[in-house]
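Read through the structures below before going on.
Next come two complexes built around chain A: one with chain B, the other with chain C.
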Partner chain A sequence: MRNVAVIGVGMAKWGELWGKSLRDIFVETALLAIEDAGLDRIDSMYVGCMSPGLFIGQEHLASLLPDYLGRNPVPTVRVESACSSGGLALRQGFIDVASGMSNIVLVGGVEKMTDVNGHEATYALGTAADQEYEGYHGLTFPGLYAMMAHAHMAKYGTTREQLAMVAVKNHDNGSKNPLAQFPFKITIEGVLGSVLVADPLRVLDCSPITDGAAAVILCPLDMAKRMKKPGVRIAGSGHATDTIALSSRRDITWIESTHLAAQKALAMAGRKIEDINLFEVHDCFTIAEIMATEALGIVKKGQGGKAVQEGLTSLRGRFPVNPSGGLKAKGHPVGATGVAQAVEVVKQLRGEAGARQVGGAKLGLTQNMGGTGGSSVVHIFEAE
Partner chain B sequence: MPTPSRSWREIPQRYRLEAGKCTGCGFICFPPRLVCPRCGSREFTKTKLADSGKLLTYTIIRVAPHQYVDQAPYAVGIAEQDDGTNLTAQIVDCDFQDLKIGMRVKIEFRKIYEEGEAGVILYGYKFVKE
Partner chain C sequence: MSGIIGYGAYVPRNRIKVEEIAKVWGADAPSYKKGLMLEEKSVPSPDQDTITMAVEASKRALKRAGIDPKEIGAVYVGSESHPYAVKPSGTVLAEALGATPEVHTADFEFACKAGTEGMFVALSLVQAGAIKFGLAVGADTSQGAPGDALEYSAAAGAAAFIFGNAPLVAEALETYSYTTDTPDFWRREYQYYPQHGGRFTGDPAYFKHIMGAAEGIMAKAKMKPSDFQYVVFHQPNGKFPLRVGELLGFEKKQIEPGWLVPKLGNTYSGSSPLGLTATLDISKPGDMILIVSYGSGAGSDAFIFKVTKRIDEVRDLAPKTRSLLDANKNYLEYGAYAKYRGKIRKAD
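So, the complex of A and B:
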């Protein structure tokens, strides 16, 4: 297996991009990554996108995207694993380069979510759950995470205020990220006073509906050493699955797929969780970040709420989580999220993260999950 | 709109709570499956799911998917049935402030929703307070 490096990253401003189509958003972002890498060759592409069929009535991105990027006949794969589509696209690109099948691979992620109304978007996102045995009973994604939150609060004493602190922390970080959808601060009172979506989760506990894309360029590490940008090596990659229905899990307060994916990625990198300098985790809801920090092993089971309250996971804390603003403040165009996490970590390891820079960062980790944890992808990046 | 076969083929489990009991390890699969997720066995005997249990967690859905908009707000929960199987369903005929983790619930047969004016009327199970 060859060592693989990231040699280019691209991301444009995220938000409700009424004037831009899915193809526009993807191409604009892919060009940024190509320019950043400073090369004009792509051997293959992997693009994470959860549900273009439901959001814009378009499938066959494997033809559309290379076509509009002016790159036919480059082989292209659309990768779908709900909200972990982007992270999984990255893993497929990594495998392609590591295996020796391709040298230069573009990994993208994209979602265009605002061409449908809120209820239709809620339905489309709900298809990441078990349609016949969860969706059939009127469950939504906020509803599923709300049930995890209630169970976590009952079992471990996690408080409503601790959930709010996750959103406040991520908006603090996001206020330093000009590409974020919501680059401003919020308060605990603001979160607690926002409208209920699914008890106990309020609208400011939830990541938003977002249009956006992200892209990275991968190549063999040997080749990266001759490129203009400082190389960042993908040191570890882990992927694991779990049951589609939350009710089928042995413990609904624990994300086993994230735990297993992290164990695999850390083993591949030859690292311990304490070695990692910063984390981009899947905070689709505030409770999700708390559970992710536990599953990754940053804190013990049940201690995620306490960790955010004590500042352990804040930008200047011992384990900075979501310096980019996370899904909460940066936005969550579902298929793009896993790739955008990689974009942030690469910028941090290159020292290009501006006001939200984690000083001296050498190792970063991304955790991207689909559904309620039915799939998880973890990557570890190391500055060369 | 999906064809009626999509809901028709789920009738044994949704109307009659039919489940599969693994002959290898005794694990009860609801809905029935072809492969036991615990031991890998492919042999099952037909059984009926226990029709009462206790609530493990719940939420109140206030922003609903388009087909449930008329019903919102409504409560949904996961209950551990008395045979150890976990089940997800709406919790009805219960004030929201009375919902509590650990409360006893039983299964009743109810209407779930209608697919518009010309579509199928869908039925299934819901939880009520025991």
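So, the complex of A and C:
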């Protein structure tokens, strides 16, 4: 297996991009990554996108995206694993380069979510749950995560305020990210007073509906060194699945797929979780970040709420989590999220993260999750 | 100079509270009250429609204008809830007022700005010298689909304005319109309830057009927000008009007199026109008033009015708008409301 480097990253402003279509968003972002990499060759592309069929009535992105990027006949794969589509696309691109099949791979993620109304978007996202055992009974993702939150609160004493602290921290970080959808700070009182979505989750506990894309360019590490590009290596990649229905899990306060994916990625990288300097995790809801920090092993089971309260996961804490603002403040265009996490970590390891820079960061980790944890992808990046 | 010579308002006495609607749908009432800044909305009785409310408001406008209805050369009704798809509302109104047969009549439809469209045309015909007096009404018995966010705001009411050259209550100094093809809200023929684009109705729709029209008319008139005593914006909910006012540089005290929506709901074509009637009710001679409507689809009409001394003579000749909001209210439960609005029908 060859060592794989990230030699280019691209991301533009996220938000409600009423004036742009999916292809516009993807092409704009892919060109940024290509420009950043400083090369004019792509051997293959992997693009994470969860549900263009339901969001914009368009499938066959494998033809559309290289077409509008002016890159036909480059072989292109659209990768779908719900909200972990982007992370999984990165893993497929990594495997392609590591195996020697391709040298230069563009990994993208894109979602255009605002062409449909809120009900239709909720339905499209809901297809990531078990339709027969969850969706048809009226469950949506806020409802599923609300049950996980209630269970975590009952089992470990996690408080409503601790959930709010996750959102406050991520907005604080996001206020330093000009590409974020919501680059402003919020308060605990603001979260607690926001509109109730699914008890105990309020609207400021939830990641938003977002249009956006992200892209990275991968190549063999040797090639990156010859090109004298600021080097970031993908040191570890882990992927695991779990039952799609929450009701089939042994413990709904624990995300086993994230735990297993992290173990694999750490083993590949030859690292311990304590070695990692910063984390981009899948905070689709505030409770999800708390559970992710536990499943990754940053803190012990049940200690995720306490960790955020004590500042362990804040930007200047021992284990900074979501310096980009996370899904909460940066936005959550589902297929793009996993790739955007990689973009943030690469920027951090290059020392290009501006006001939200984690000082001296050498190792960063991304955790991207589908559904309620039915799939998880973890990557570890190391500055060369 | 031309302008308003008489104005009148009408609001049905029935009300339904946000809590009552939320209770039926299992929705979180505080969220709607805070999120949309709505408390209650007006509901028409079963025997009321756009035409009956237009007649009530127009009679009050005639009282303030003190003119012979026969001298009205144009009668325009703006609404998205005309009782008939084919057959005008304006003819019934003109007949009821005694303005027929020597009168030009037309119905307007442009989502929530149909009322100001009629005002725009009536004023223009007076300015052109084609007619002596012109009547324009914005009236709606608007519908929101059961359980939809619109159900908390869709209300009923009417405002009527008579335009002429004298005796002026408010002189029209400037007009301006801002229009684009923006599909944020629509109802196809044979559909009972409108559909909307959710958050798309915000920034690219309401805010873009109101700000475009407000900035356009102020540039044309070489005026700035502080030059106005009062400003009235279309009010689909409580939040939007306050927010757009803030973005344009107006203070809350300039908006508040015409900000009826928390207790009235969104009367669609009657919304900003009713806000103007409430503002005229409390204005003083010399006051400058800016009104900017908004209609989905989408466009905004803007007018600048300067209030004359005659306001003091006509103000009390008909009920003031705030008094219609606050007095003689009849609170409905959802069942009666559903019957009144035709959401449920008695079996034959």
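Everything below uses one rule, namely that the second predicted complex is superposed on the first by the 383 of 384 C-alpha atoms of A that agree within 3 Å, B and C clash if a C-alpha of one lies under 4 Å from a C-alpha of the other, contacts with A are read in each partner's own complex, and residues count from 1 in each chain.
Keep in mind that, in the parts below, a residue touches a chain if its C-beta (ideal position, glycine included) is under 8 Å from a C-beta of that chain, and two chains touch if they have at least 3 such contacts.
Predicted model only: the values in this text are computed from it and were never measured.
Enquirer: Looking at the overlay, what does A:72 touch: chain B (first), chain C (second), both, or neither?
Expert: neither
Enquirer: Now for A:132: first (chain B), second (chain C), both, or neither, which partner does it touch?
Expert: first
Enquirer: For A:118 in the superposed arrangement: first (chain B), second (chain C), both or neither?
Expert: After superposition on chain A, A:118 lies in contact with both partners, chain B and chain C.
Enquirer: Which partner does A:243 contact after superposing on A: first (chain B), second (chain C), both, neither?
Expert: first
Enquirer: Which partner, chain B or chain C, touches the larger number of chain A residues?
Expert: Chain A has more residues touched by B than by the other partner.
Enquirer: Tell me which partner A:196 touches in the superposition: chain B (first), chain C (second), both or neither.
Expert: Both chain B and chain C are touched by A:196.
Enquirer: Is A:147 touching anything from chain B or chain C once the two structures are fitted on A? First, second, both or neither.
Expert: first
Enquirer: Go through the superposed model and pick first if A:16 touches only chain B, second if only chain C, both, or neither.
Expert: In the superposition, A:16 touches chain C alone.
Enquirer: Contact-wise, after the overlay, does A:187 reach chain B, chain C, both or neither (first, second, both, neither)?
Expert: Touch partners of A:187: none, neither chain B nor chain C.
Enquirer: Same chain A residues contacting chain B and chain C, which ones?
Expert: Common interface on chain A, chain B vs chain C: 118, 195-196.
Enquirer: Would you mind writing out the residues of chain A in touch with chain B in their complex?
Expert: Against chain B, the touching part of chain A is residues 118-120, 122-123, 126, 132-140, 142-143, 146-148, 150-151, 154, 195-201, 243, 245-248, 252.
Enquirer: Okay, in this complex, where on chain A does chain C touch?
Expert: Residues of chain A touching chain C: 16, 18-19, 114, 117-118, 193, 195-196.
Enquirer: Which of the residues in chain C end up touching chain A in this complex?
Expert: For chain C paired with chain A, touching residues are 28, 31, 34-35, 196-200, 203-204.
Enquirer: Could you please specify the touching residues of chain B with respect to chain A in the complex?
Expert: Against chain A, chain B makes touches at 10, 31, 37, 56-69, 71, 74, 76-78, 86-90, 96, 101, 112-113, 122, 124, 126.
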